[in-house]
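As written, the chains take the letters A, B, C and D, and residue 1 is the first residue of each chain.
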Amino acid sequence: MKILDEKTTAPEEPTLDPIEVRQELLRKYPTKTARKRAKQIVVNEIPEGGALPEIGANTRTIPGIITQRGCTYAGCKGVIMGPTRDIVNITHGPIGCGYYSWLTRRNQTRPATLDDENFMTYCFSTDMQEQDIVFGGEKKLRAAIQEAYDLFKPKAISIFATCPVGLIGDDVHAVAREMKEKLGINVFGFSCEGYKGVSQSAGHHIANNGIFSHVVGLNDEVKEGKFKINLLGEYNIGGDAFELDRILDECGISVVSTFSGNSTYDAFANSHTADLNTIMCHRSINYVAEMMETKFGIPWIKINFIGGEATAKSLRKIAAYFEDAELTARVEEVIAKEMPEVEKVREEVRARCEGKTAMLFVGGSRAHHYQELFREIGMKTISAGYEFAHRDDYEGRNVLPGLKVDADSRNIEELEIHPDPNRFRPRKSDEEMAALKEKGYRFKDYDGMMPEMSPETLVIDDISQYESEQLIEMYKPDIFCAGIKEKFVVQKRGIPMKQLHSYDSGGPYAGFRGAINFYREIDRLVNSKVWGELKPPWMENPELAATYAWD
Amino acid sequence: MKILDEKTTAPEEPTLDPIEVRQELLRKYPTKTARKRAKQIVVNEIPEGGALPEIGANTRTIPGIITQRGCTYAGCKGVIMGPTRDIVNITHGPIGCGYYSWLTRRNQTRPATLDDENFMTYCFSTDMQEQDIVFGGEKKLRAAIQEAYDLFKPKAISIFATCPVGLIGDDVHAVAREMKEKLGINVFGFSCEGYKGVSQSAGHHIANNGIFSHVVGLNDEVKEGKFKINLLGEYNIGGDAFELDRILDECGISVVSTFSGNSTYDAFANSHTADLNTIMCHRSINYVAEMMETKFGIPWIKINFIGGEATAKSLRKIAAYFEDAELTARVEEVIAKEMPEVEKVREEVRARCEGKTAMLFVGGSRAHHYQELFREIGMKTISAGYEFAHRDDYEGRNVLPGLKVDADSRNIEELEIHPDPNRFRPRKSDEEMAALKEKGYRFKDYDGMMPEMSPETLVIDDISQYESEQLIEMYKPDIFCAGIKEKFVVQKRGIPMKQLHSYDSGGPYAGFRGAINFYREIDRLVNSKVWGELKPPWMENPELAATYAWD
Amino acid sequence: MLLRHTPKEINKRTALTINPAKTCQPIGAMYAALGIHGCLPHSHGSQGCCAYHRSALTRHYKEPVMAATSSFTEGSSVFGGQANLLQAIDNIFTVYEPDIIAVHTTCLSETIGDDIPQIARKAQADGKIPEGKYVIHVNTPSYVGSHVTGFANMTKAMVDYFAESNGGKLKQINLIPGYVEPSDMEEIKRIADVMGLRSVMFPDTSGILNGPQTGKYEMFPKGGVTVDALRSVGDSMATIGLGGLASGPAVRALDTKCGVRCEVLDLPIGFKATDRFVDTMRKMMGVNVPDAITTDRGKLMDIITDMHQYFYGKKVALTGDPDQLIALTEFLVSIDMQPVHIVTGTSSKGFVDRIREITASVPVPVNVDAPGDMFLLHQRIKNEPVDLLIGNTYMKYIARDEDIPLVRFGFPIVDRIGHSYFPSVGYRGGMRLLEKILDAILDRQDRDAPEESFELVM
Amino acid sequence: MLLRHTPKEINKRTALTINPAKTCQPIGAMYAALGIHGCLPHSHGSQGCCAYHRSALTRHYKEPVMAATSSFTEGSSVFGGQANLLQAIDNIFTVYEPDIIAVHTTCLSETIGDDIPQIARKAQADGKIPEGKYVIHVNTPSYVGSHVTGFANMTKAMVDYFAESNGGKLKQINLIPGYVEPSDMEEIKRIADVMGLRSVMFPDTSGILNGPQTGKYEMFPKGGVTVDALRSVGDSMATIGLGGLASGPAVRALDTKCGVRCEVLDLPIGFKATDRFVDTMRKMMGVNVPDAITTDRGKLMDIITDMHQYFYGKKVALTGDPDQLIALTEFLVSIDMQPVHIVTGTSSKGFVDRIREITASVPVPVNVDAPGDMFLLHQRIKNEPVDLLIGNTYMKYIARDEDIPLVRFGFPIVDRIGHSYFPSVGYRGGMRLLEKILDAILDRQDRDAPEESFELVM
């Protein structure tokens, strides 16, 4: 591949004034819409010690502005249950919802043997028809659960309510209880109708609450392993979790359960036996960690395995928690073994990518974490934002107390959690915890995206189709990261686009090998000659060779 | 598949007068050409006891009339050496000759193990260049043989001379002798320049002479087996020989060598240890049988494994020769075991093919043998002829004495054969032979095509493109059998066409299973609906729906 | 095994659908609406529907798919979505400036019972619909029919909203292509054009969902049927609707509304259905069929006769939509292949009878499941193995588990390209289909042949 | 193993060619001659040559291939083939009634030194050549060059025999397509036509070697360049020859003979070569490039950008003729694939340098063997494995032994169909090539992927 071409010479820093850009983005909107969007478009500042600018997030999507957001059902079925292979997930509703969530999320799973259960390749639906809407669908739901049981004899069945279900008053929880009774297996439902909340995020919450209430803690068996952790918010897209398992395994750290990638019902049931919860995607799951700490006494920390340095840092952080010399040594060995290759590739790629610019608008934490990888190869993130995040994901966890609960959030159940009478066991004494904090160890805390971004960059929540197109026109970034719906719009503008939901069937991008994969992938995208070939020669120089013209 | 359609109702017998048809075929030719072709187009008669009409055959092709014939090189390389897997066959000439004979003849071969030699997938050529033509190509030939030896260390290498070689005076035999000496393996050449003789037939002769002189009899080891035969003139197209091996094996008859299908150098060298030579394709090889009888005392008989009944008959004929009760019984068992399935399929297919008509213009014996298969499913051969046969193939072996040797035949060497001083061993005493003949057993004899065809049918030798098109127009046969060059011309006229050289990648068609394959294949061809769909509706009824026309 | 839990034994299911062979109405309506020039489809329901439909269409076409949503909240589902739709209409016309907003409903808004026309009138009254712009709508409850129904309904809505007859007859023919690819629509137009006919095609997604990569993005590209063209269809000389299920309703509506002479034909897949299409145009419009078309047909027939031995008797399992399956099955039977398992998730009147009639000459039992799902199809295959699978990308899981070659056809195809650029309709489409079928069959033969029968010439 | 005797270790060979990547001149001349309307090619030599050439062409096109032969006997090779050719000419004009007989020689007649023009004059004198009919000829010694040379020589002969300049300039462009498929010639003509140009293409085998199946056989079908058209090329405004080796001689001859402004370009395979072809036509003829063509280009670029990750860095081994390899290699490099082994049996001046130049940016070593053979190519692959093979049907033996996917391209293709109906030139041809390459690569990925990474969306 060509090492250098016109595109790889570092572009001059965008000289645009972000304030004006922001105005430009809002200019065309109707007043009401502009007022609403104005809150969600922020020019980043890093005030000395002071507070970051406040950003509007986790608020309603404006009808008609073309959002990239999905619904609560998508968040609920996708996030926790989707990647879990041994639960039969039945969508109760018309066929579409189940159909669209069928195999499209690329959560990889690897059953130990051919006899192990794997239902992830299947789509189960009650395919509600008009009469079910009119006369109620519980009867059909019951029958469907029975048919699923007869066919597969699974250890658990879960039910997902779609929009009409709530409206017609089908009680999925009642049916679940009834069938659980009848079949003697775990059956539970989720009221994740698509209209609830303001984005997928509500669905994550409902799913997490459900799994916490119905599964976590069902199996007290304490597994082998000296250093036991849970990985929260890791969904094994493109095999990320496999890479992390490889690394942690080399370090001698056992993963009791992953919420939820390559995950199983039994691992969830057993997850409360871990001694530390480590959180990847804070957005989708931090409250599970909270609940587990309250109920079982498991402390939690934020880690980040996106980026070579970040991976090393996170491993050290885990080791530091266990305060075990042997573990610390082992972790250093692993880092020493893995980093050279990472750095070799990084330098090679950096030589070709240095100074290029990126935009990231995706997810609830990825748009933040992946900036690290770009930074490692010398690329600058000039604008970013999330699709379904909350303020803390932008500004940091310290803003949580200040958040006011609006109507949409209020209707997402908050579980009342108390220490488990028998099983609450603080993993560390208050003294130990204090001592660690003393040393600057940060528990249950995370920074947001904004502190890590340069001043003057634009941070935009739930960016609209219109806004992203304006941004691209004005900044002409070298790469744009988002999801499948944006992919081809961006590329039609001649800008390479990388999906950070599905990885464009690439990956893994987490951990050491993941970082290497990502460096190379970005190198491919921003340095390929093809983007310079989009214009045909007769448009480059349209003049005609007069001498040849008709006489 | 549709069981009956308009095409399967028996067509009325062609009411054409063959005499007139013959005139029509000749009408357009220039006088000289017409005179020559007239000898090769015969209306068949079966006179009571008397002689069949004489047909012109094995005579020169007329320049410009578009023949389907090939050349001497093709016949020589194709027939004997082509199907023999463990000889490195080097074409000495420009690249084309070697290239076109590369893997195109579909002789199947099956080495016993992965370590056994198989050079059939390779094409070896000296790729003569202008300087070789000008200064002579022997040097390059020598070098090529050396390179072949260094690469493959084969047990034998043969050389084929192409047109220019003879003209520029390269002596392939001298080079062969020299390299045989030098390398210590068997190396021999063939003077099979394309311009020799009048068709492939000359090449067969040259090849057979060569193999007889250079290989047959080199290995006197007598192999296991009570009833040992050679199969002559069986080339294992589409696996025919495999099917025959299967059947003969079941009968307890061992095949010492096949000339030449799935054949090997060693089998040729050992072939004189057989006790009977059985001939499939009399055209290409009957003289080898003659020579082996003269030199080693092996009697020969004509057999025919094309057709279920024919196969049974031939097995019985072989058994009768050995006059062994056990063998006779075994043969009857095998026939009894195989025939029911053959008859079942035959009847099923016959129901759909009865009364349909066929034309066969191919090879030197196939156009004769395959009529049997059509007869078995009730189809009539209304015209047939060979591409490179001699009169005896049409009229029967009894005409041989009367044949006059013309200039073209004269330049194909006839070997002078004498009984081998040490190894001549009559397999049967004169008495035994006499006794068998007494019982009507026919040695070294065969009928031609004509006695088996109905009177009034047209027998045409080396049919020209023009003649075959006229025939098709006039008779509209249900199927036409020939080779690749004719295939699509025939099919463009809406007549299904079956290749009897390559079997259209089908087969086997010999033996019992072969017969079944052929019945089904013909059923597919003559009863498929697709041939009735060639005309679009707007040509079937071109009138326009006036009411719709522009007002 | 990827589908390790699928048992060979078939037990009837009445409530549980597994691995569906259909999806819901709105996506079909969205796809059809994209076939109008300058139109932005709008999904009136939760934003998830719109996100799902856009993603599904995007994966299939690898092209931008723009559509808006009313983003229902819990509140709107209680009090109705009027406010959302009004605001959406205002935002859309202000920000994206389409000529038309084509609203389709969802299970949510249908269950609530929102009255779209009334809301549109309100928007009109509030001046939220600029001069010369339109808001059209169609009811597409997800719990009725399938994506095909949604497509059919949106197509019919084009007639309901725009078709008018002004007496005069225009020398043009209306072509309603049915639920096919943009490439197919292009090819159908090309055939009419080669026959010297002026045609109005609706919907027409060509140029929109198979657009070029030029480095410039246009939200509303050149393609699509224009409002003016839609207005004129009432005065056309004739209408041909392809695919009874997808095009029938629009054809009948146009006949009723403007009395345009019409025919509903099968999708022109394979030579027989294409013959009927061409010959019907010929007769309806009183034109001659030019040699170019006869030649294309002849080329298709050439492949069929040349390669017949590889088609003959091969067993095929196929899934798709009724209109596609009818034409495809006829094509396979016409070349002596044996479609033995046929499954669609969309039930439609007369479908099974039609398939029975088409497969009457097939000498082996033929299973037709309508409605059925891919789980059942897989079970059928386990009970009666086949040589070839034809269907969408989800079939690849069956293909791998059962080691059967797959020819991708229908919706969605998300793991290969080509379907949006090369047609499967018409004679040329038939040639392409046969090439794909032959590649699949011959590749398999090459893979499995013992060395001695590995063929150079096929 | 099918090629079990091919060792990994490479020893230079100077005398023995194994598994050639070329064949001899006459077949190229025969193929070119079939591109003249009403022409019967005639092989002046042993009948075997003609039989072999007809068979080889027939297997590739699955179409009738008519040609006659002088059927040399031993006598004629001693005394010369004049009598044979005279009789042949008489028979052919009497029986088959072509407009033209195009005679090409063989190694035999060349070695003897038969003087074809003299024999033709004799035939003329003897009145064996009917009024208004022609006998043209070309010398094609099999021991010089390859099938491409024969094609080039026969194409040049068309100029030598027919081109004349009558001063006046005709508003037409001469297109000499090079050694490509009938479908390619059709596509090249279509592009010129879409650009509003009248063109004369020679040779033109479209309509002759990809004809329809109509139930009627015509020995001389509609297609092919007519004598009148060939006469007019001397007055055309410009000539574009595609493929220096196959079209260069004719282009230069026409320039010399009639002074027609000319350009020799690469075969238009891939977007870059097609850009040059289209832009050169634009400039030479002073026309604008219509949107239809820009759109086709954009679709090709769309596939490239959408699927780039599957092309990027994939190693390819290819074989074919120099003109094809130059364009194909440029195409592969332009989409970031890595052609690492390139073999042709035809040596041609500057070929290696050109390939070196094109592959300069390829970050891995590139082997170019010209002349080389497939035996050597196979050895190269054993030493440096590749992800994909591109070449003719003979490559399938390597593909199976080494378990590498094969995209069929070039001559001969005797085990698949499609090449004679669908082009690989132009933007559309590029789309088809990419679809084939992607199918090969993605099928392999689907086959080899562990279950957990078996992808739905690609």
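General remarks:
Basically, contacts are C-beta pairs under 8 Å (C-beta built on N, C-alpha and C of every residue); 3 or more make two chains touch, one makes a residue touch a chain.
Because the structure is predicted, anything quoted here is derived from the model rather than measured.
Steps from chain A to chain B, minimised over paths through touching chains, total 2. Of the two interfaces, B-C and A-C, the higher number of touching C-beta pairs belongs to A-C.
Centre-to-centre spacing of chain B and chain C amounts to 54 Å, using the average Cα coordinate of each chain. With centres taken as mean Cα positions, chain D sits 39 Å from chain C. For the pair chain B and chain D, the distance between mean C-alpha positions equals 34 Å. In chain D, the positions touching at least two other chains are 1-2, 59, 62, 211, 213-214, 294, 297-298, 301, 304-306, 394, 397, 451, 455-458. Each of the following residues of chain B touches two or more other chains: 103-104, 488, 491, 534.
In terms of inter-chain touching, the protein chains here follow a pattern that is not a line, ring, star or complete graph. Contacts from chain B toward chain D in the complex involve residues 28-30, 32-33, 60-74, 90, 93-104, 114, 117-119, 121-130, 132-133, 140-144, 146-148, 150-152, 162-164, 166-168, 193-196, 198, 407-408, 411, 465-466, 469, 483-485, 487-489, 491-494, 534-535.
Of all the residues in chain A, the ones that touch chain D in their complex are 1-3, 103-104, 106, 108-110, 239, 242, 262, 488, 491, 496, 502, 504-506, 521, 524, 528-531, 533-534, 536-539, 544-546, 548-551. On chain C, the positions that touch chain A within their shared complex are 1-5, 7, 11, 13-20, 22-24, 26-27, 42, 45-49, 51-56, 58-59, 62-77, 84-85, 87-92, 94-96, 106-108, 111-112, 141-144, 146, 211, 213-217, 345, 375, 394, 397. Within the complex formed with chain D, the chain C residues making contact are 1-2, 59, 62, 207, 210-214, 294-299, 301-307, 393-394, 396-397, 400, 414-418, 421-422, 431-432, 434-435, 438-439, 442, 446, 451, 454-458.
Residues of chain C that touch chain B in their complex: 169, 171, 237-238, 261, 271-272, 275-276, 278-279, 282-289, 294, 297-298, 301, 304-306, 308-309, 312-313, 334-336, 361-363, 450-453, 455-458.
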